[in-house]
Amino acid sequence: MRETWWPASSSSLPRYAGPVSFFRLPMLADPAAVDIALLGLPYDGGTTNRAGARHGPRALREASMFIRPYHHVTRRSPYEVARVADLGDAPMNPIEVGQALELITAHYAGLRAAGAVPLTAGGDHLITLPILRALAQDGPVGLIQFDAHSDTNDSYFGGHRYTHGTHVRRGIEEGLIDPKRTVQIGIRGTRYAPDGNDFAESAGVTTLYIEDVYRLGVAGVVERARQVVGQGPAYLTFDVDGIDPAFCPGTGTPEVGGYTVHEAQAMVRGLAGLDLIGADVVEVAPPFDPSGNTALVGATMMFEILCLLADARAARRG
Amino acid sequence: MRETWWPASSSSLPRYAGPVSFFRLPMLADPAAVDIALLGLPYDGGTTNRAGARHGPRALREASMFIRPYHHVTRRSPYEVARVADLGDAPMNPIEVGQALELITAHYAGLRAAGAVPLTAGGDHLITLPILRALAQDGPVGLIQFDAHSDTNDSYFGGHRYTHGTHVRRGIEEGLIDPKRTVQIGIRGTRYAPDGNDFAESAGVTTLYIEDVYRLGVAGVVERARQVVGQGPAYLTFDVDGIDPAFCPGTGTPEVGGYTVHEAQAMVRGLAGLDLIGADVVEVAPPFDPSGNTALVGATMMFEILCLLADARAARRG
Amino acid sequence: MRETWWPASSSSLPRYAGPVSFFRLPMLADPAAVDIALLGLPYDGGTTNRAGARHGPRALREASMFIRPYHHVTRRSPYEVARVADLGDAPMNPIEVGQALELITAHYAGLRAAGAVPLTAGGDHLITLPILRALAQDGPVGLIQFDAHSDTNDSYFGGHRYTHGTHVRRGIEEGLIDPKRTVQIGIRGTRYAPDGNDFAESAGVTTLYIEDVYRLGVAGVVERARQVVGQGPAYLTFDVDGIDPAFCPGTGTPEVGGYTVHEAQAMVRGLAGLDLIGADVVEVAPPFDPSGNTALVGATMMFEILCLLADARAARRG
Amino acid sequence: MRETWWPASSSSLPRYAGPVSFFRLPMLADPAAVDIALLGLPYDGGTTNRAGARHGPRALREASMFIRPYHHVTRRSPYEVARVADLGDAPMNPIEVGQALELITAHYAGLRAAGAVPLTAGGDHLITLPILRALAQDGPVGLIQFDAHSDTNDSYFGGHRYTHGTHVRRGIEEGLIDPKRTVQIGIRGTRYAPDGNDFAESAGVTTLYIEDVYRLGVAGVVERARQVVGQGPAYLTFDVDGIDPAFCPGTGTPEVGGYTVHEAQAMVRGLAGLDLIGADVVEVAPPFDPSGNTALVGATMMFEILCLLADARAARRG
Amino acid sequence: MRETWWPASSSSLPRYAGPVSFFRLPMLADPAAVDIALLGLPYDGGTTNRAGARHGPRALREASMFIRPYHHVTRRSPYEVARVADLGDAPMNPIEVGQALELITAHYAGLRAAGAVPLTAGGDHLITLPILRALAQDGPVGLIQFDAHSDTNDSYFGGHRYTHGTHVRRGIEEGLIDPKRTVQIGIRGTRYAPDGNDFAESAGVTTLYIEDVYRLGVAGVVERARQVVGQGPAYLTFDVDGIDPAFCPGTGTPEVGGYTVHEAQAMVRGLAGLDLIGADVVEVAPPFDPSGNTALVGATMMFEILCLLADARAARRG
Amino acid sequence: MRETWWPASSSSLPRYAGPVSFFRLPMLADPAAVDIALLGLPYDGGTTNRAGARHGPRALREASMFIRPYHHVTRRSPYEVARVADLGDAPMNPIEVGQALELITAHYAGLRAAGAVPLTAGGDHLITLPILRALAQDGPVGLIQFDAHSDTNDSYFGGHRYTHGTHVRRGIEEGLIDPKRTVQIGIRGTRYAPDGNDFAESAGVTTLYIEDVYRLGVAGVVERARQVVGQGPAYLTFDVDGIDPAFCPGTGTPEVGGYTVHEAQAMVRGLAGLDLIGADVVEVAPPFDPSGNTALVGATMMFEILCLLADARAARRG
């Protein structure tokens, strides 16, 4: 097998020291050199409420120092099977949403062309749209969305269509996301209208409200999600506000009453074997995270997802 | 049906902007114009430990900006069936407990006379007593109390009888609360004496310790509470310290080991159909709430309770 | 004289209680009813670094509760000579900078048409541009700018011209600001280029670097500023980052080594008698203000400026 | 000379460890054993705005761990000339202001009878009144008051006369404070009325506004204060809100634009030789002090004042 | 029975006031006077990541003020059956790890000789090693370890063997801990190597990963732990990082996905009747605990454990 | 001239984004490639009170993003005259002080051999000793020390000689520091003994107490410092606790009453032209820095010092 990279040892420098990269991995510029590209996307210009997710990538990199190479349940490491590195932050424009979307798509198109699978640290949830514009060039992909919000509103503020609350609808409309192969897990919270989720439902999205999650249990959610997504290529988007804000207060639009981190870990682990072509962890907003736990949760979820991506990448490579 | 008010749209002003009122509802002065009066009661002069609940109403109003009009489980809105507005803060005196109690009772007597059902944002838990003095003029009412503490001590600090740890006992002694129709949910934490809760028990109060809550489960608690309270008029008091302080650290007397917010939501939803004549959410103390989650939980619970009150009010009106 | 409004008394409700308006003044919708309109402008879409100033208006309103009606040096109150009220938050769009600028200008044009002098709580510093587009319709106005930054860069992020670091240049280019009648007080901090401030200097702006402030002293700064601005109409813009971040950490682009709050107060007081037609206090970013002192400073500076505006308004009315 | 006590050495236990007492001094119960009694008075029931000073004594004790035995300017230690110990917290009632005042006065009368000079860590500023009722039994004393507020209002909230904003007026009315021998240093901030300080002025109090402080300079203030207070017995009360809130944000009623800590230190040092019979440091409110600097300033000022009290006590003993 | 001590009443001084000792108990110096010695061990020199546990004992003492004398489930008090007091902080050296270990062992050997059972508030987890060197002089003891980490690494940073990640291994190697009678509860988090826990497993330690905890449930964990530990003398060490960091963020090496506080309480209660000869609560790091909940959890767990120790001590005394 | 490096432009990535290096400079491994090496030294094992400076380098790197390339007074950039890069964190051992000192000295000896001038971000102040052991191999150097503490104690905790309070004494004793060419600026705060500073004084160190600083003024201090240090090689050590803790609360041993940041900037600027061979900024402790201002001040002072070092390096090169 090709050589892979491993996190810097903590023998010479303790884990709180040394360069700030995802999981203490090397920082590289060439996407062709990696199987999986870890990226930051410090953009929160699609935020309709509290901004701050622009500082998410840095906080996630710092918190990722706590993550060692091996998963304690599988006893395996993603670095055994995939070349993984920190590809830095994607370019964008914090002021102009239109140009930001274009810059992001162009950057991820480059990653795709180079054969790198992206795992992105947001940023607000709008970033999933330009990423999918780059990744779903061959047709719509399945979507597993951990989230408190459906993100299928049509527009905000008098007709504006590109926000972190509308991107899933745009993705479906643009043919990037296959609604029949889309599952949303943990939806809850008050709604603007009684039929707030109708677009998703009429489009065929499978919505698992938090009440469904408690009713089905983790195993039931996993089973349902695997049924919905099936065998084709799929993207995993993990909005930390799906988790209860006692665990993740540092986010722009918290909704009380979510699942625990352990439940989230178990659900993600249950997705092993899906054909994941990319993923993101979004909506970590450090200015609202006084204890830093949101960033720690986000970094841990990134690692859980990285393990899936590494195996999926290896499986595709055969 | 009569015209109702709805929260200000977030189309023109994002939810973090605009006037600070409960749920972005109009601010009115006339209680006769509303079915349900949302009030702040910024009083914490009955606090025996850490003060700060005086700042609760403001924090709850701010956090209530996150709450949209429709409940995601019922898909209904309280504003469909009731006229609801923000009636401002009730008058009180932060220094003299005696006068504070009098001012509060007089204010709520006015609300009652005008036909408005009050949902109050405290303040410390002592406020429930003067509110009940105004509301329970026709005889004792049932009480559903979510709380870590029984609040049935006799006195503090050498005989002082009016504190946030004695008000339930006072309410029973004064004939405002019917102990046989009273249920306390989530009681826990160390006690001053082995028989600390004897007054409650000998008076006939149904105490559900946190161990009972875990044993019975949410459905069992709901069933038991509905049995105890029965069909007559009842008041709901929600002390956020009933919830585990991981979710609600911003409170004066936290006790570890409580229920989750989702469990609290489910228990409150289970009380639908009771004849609620008023309610409060108390003990949110913002100076001890660095992440703001306690206020968010409090505001969400206010909305859950508002849904019950609106239906109860509509049912009484026929 | 016409009736004026006064802050709500703290006899019935302590100052931490009651509705959240600027200085506890009434909230009105009609600009024609006031001499001076206090407004919030919760917009930070022009921010090139740390966002958060969108939450400034709310924090400034809350902190303004600490401000009583009379100035302790003049022993006079602005409410003696002017009708002052809280006109709420101006409309804008948090996502689209272009539309935001248009909405703001339209709103302030309405205020101007109604004869109301605006004192605005930002928001980031970009807001000064659309405000001046509305106010300076009769020709360029003088500008007194308290700030660490000249805000005369040309563009950011590949040519974008509308940010909180470019608005003064735009204002000069658009003929809204008279550079000969413009003074900037407290400029400091590292620069992108050795000639970073050349546009300002070549345009004729008077730049008082922080070293100039210490060399001239408060009295010297005041004298110089009055010379520069002269007798014509002028606008005062107060960026809290002009003050040292020990006093005002809660801002997006702090620069160490600024003046103290007392020096700022003395400088503002020294501007009494200028023909001020409007003013703003900007760049208060509450997510970075753990002690709340930045908001308190901002609210106090708003009051100092309000005193000047009220006298100027009265003087113009004769 | 009699044996004195010295702070616990940091050789065996670092300064952050060990029992929590003022300056790491012994904790004693018998006031007759000491020359100077350090006490906490964890009472904030007289607070008209933000409570929290009840937690002041604990925070001041903790911060006092940073204070070593010798003053770096005088190179002398108060423990060389006086027996100083921590006498614990004075009894009070957090709920009933009337009883609180009685309990405090009784406790300090006991201290006075035992010959102990009290240096008190508040608590809110109302505590100065019951202390003076105990100490000024032989006639009115002089008062040196470091403060942003005159505290000579007549009443609050509909006639209530005992608050932290009225105690100096009460003290003058009750003949405890000699207004002719009273100086207030640092008064500033907006006022409820143009003549807000008229009681103080008409009674003969010397008010040094913050503008006077800057005009006179530290040496001038010291000279003026010494003239006013003269040779008779005097009490020193140090409200931390006299200092600018950049240094002391953790207080209930901050007013921007105050003096620095170094100026405060120099002014206190300038009072050496006055016949001080007691002192307090008040209004440290830890819930509003995220960095802890307010407590550190308060503890340092306590030490500066302790040095004066020790010398005054020694001088009286001859 | 011999006289015991009880916490200071809150009648004269509210619980937030008065001396800072564990559970408001008396502070004593003589270990022979007590059955159970509560101690602080403010040492974090064995920390490999974020320091701060040196401030744990003070925070735990402060938070222990919230704990009343009687357990709400058993309705009994440890003070009924055992003499319990605060013996202060153990001596150590914050700079030199070698001397620190020696000083600690010597101090606890003195406690053992005096017949006092120690319940220690750490400090980082390395402190368990020198404590066991003093307590396990008669042979290895059983160990119940609540923890996210096994702490059986061999060395860090190029061969250093004494850290808070190696002490359990050292304890087994030195014959202080009987691995066959050792159970670790809650182990989780990423690992340095796939076989990271091999030392523990090959030595015979029973490891209950967090997945095991969820699979077995609280009752199952308790049953398993009791089987493993059996009837002989045992030591209980409670690392707060075993609990999920939503409850306990204030710790040096947080691992997401842990058990709740209520589960921890239930597991500890299930250990009643074991022959416990000492215990500690470690890794509370206040600088990372903005809400203070970690300290509150720690203090509550100390009380739960104290109840076990008191009964075990009484049982041994017969 | 040789090619130099410049900070990453903020055109493509805003300053809050991108890799975390000092001043956004490249990260290099080879000291021979640079004139000036920026390093982190995340070690706080010499701390006698509150630890946390181990996190200083990361916080300083992050805050350094605010620093642009050109100095606003000189209008020059250090990158014009010197090759400057981020050389990463120096190796050390957080647990064993002896080995830590050896590793540090070895690393800096390598820098010196390669011809790189080090500017170090601490870490606690002990790090200056091992750095000087590497740099002062040709004889004692002059020392300019900005600090609240003399750091010339002999030992702590029973004879331990290597702490952040003893390193200057060690440096003099070891012949690394020339006391006659040493000036300490800002010394203040209480002392362990009346003669606490006698070692420094008897050795010939020039101590400028804070009172001297205010008496002499900035210009006087600069003149005195230049006289003392003279023309030979000198090292500049900047402990942020020399600055008042209102500006720099995030430090282990704060002392109130220090100079302002602007005064510190002016004093450092006054040292231009000295033959500086290295420098450090120490004692930034992020866990005690809630607003982040301490890190911002530290990063700004690093830049001020970098300007001096670059010129000195260029002058030596001729």
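The chains carry the letters A, B, C, D, E and F, assigned in the order they are written, with residues numbered from 1 in each.
Keep this in mind: a residue touches a chain if its C-beta (ideal position, glycine included) is under 8 Å from a C-beta of that chain, and two chains touch if they have at least 3 such contacts.
Every value quoted in this text rests on a predicted model; they were computed, and no experiment measured them.
Common neighbours of chain B and chain E (chains touching each): A, D. Note on B-E: across the candidates A-C, C-F or B-D, the interface recurring with over half of the contact pairs conserved by residue number is C-F.
Simply put, of A-C and A-E, more C-beta pairs touch at A-E. One copy, chain C, sits rotated relative to the other, chain D; on C-alpha atoms the angle is 120 degrees to the nearest 5. Between chain A and chain B, two chains of identical sequence, the interface residue sets overlap only in part, with shared numbers making up under half of the total. Of all the chains, the one whose CA centre sits at the greatest distance from that of chain A is D.
Rounded to a whole number, the gap between the C-alpha centres of chain A and chain D is 56 angstrom. As a whole-number value, the distance joining the C-alpha centres of chain D and chain F reads 38 Å. Multi-chain contact residues of chain E (touching two or more other chains): 12, 14, 16, 48, 50, 54-55, 94, 156-158, 244, 246, 288, 290-291. Per the contact rule defined earlier, chains pair up in contact as A-B, A-C, A-E, A-F, B-C, B-D, B-E, C-D, C-F, D-E, D-F, E-F. By the touch rule above, chain D contacts chain B in their complex via residues 44-48, 50-52, 54-55, 93-97, 99, 156-158, 160, 162-163, 287-288. Those residues of chain E lying in contact with chain D across their complex are 12-14, 16-21, 27, 40, 42, 54-55, 57-58, 61-62, 88-89, 91, 94. The residues of chain F lying in touch with chain D in their complex are 48-50, 156-158, 187-196, 209-211, 214, 244-246, 249-250, 253-258, 288-291. By the touch rule above, chain C contacts chain D in their complex via residues 10-12, 14-16, 66-73, 75-77, 244, 246-247, 260-262, 265, 290-293, 296-297, 300, 303.
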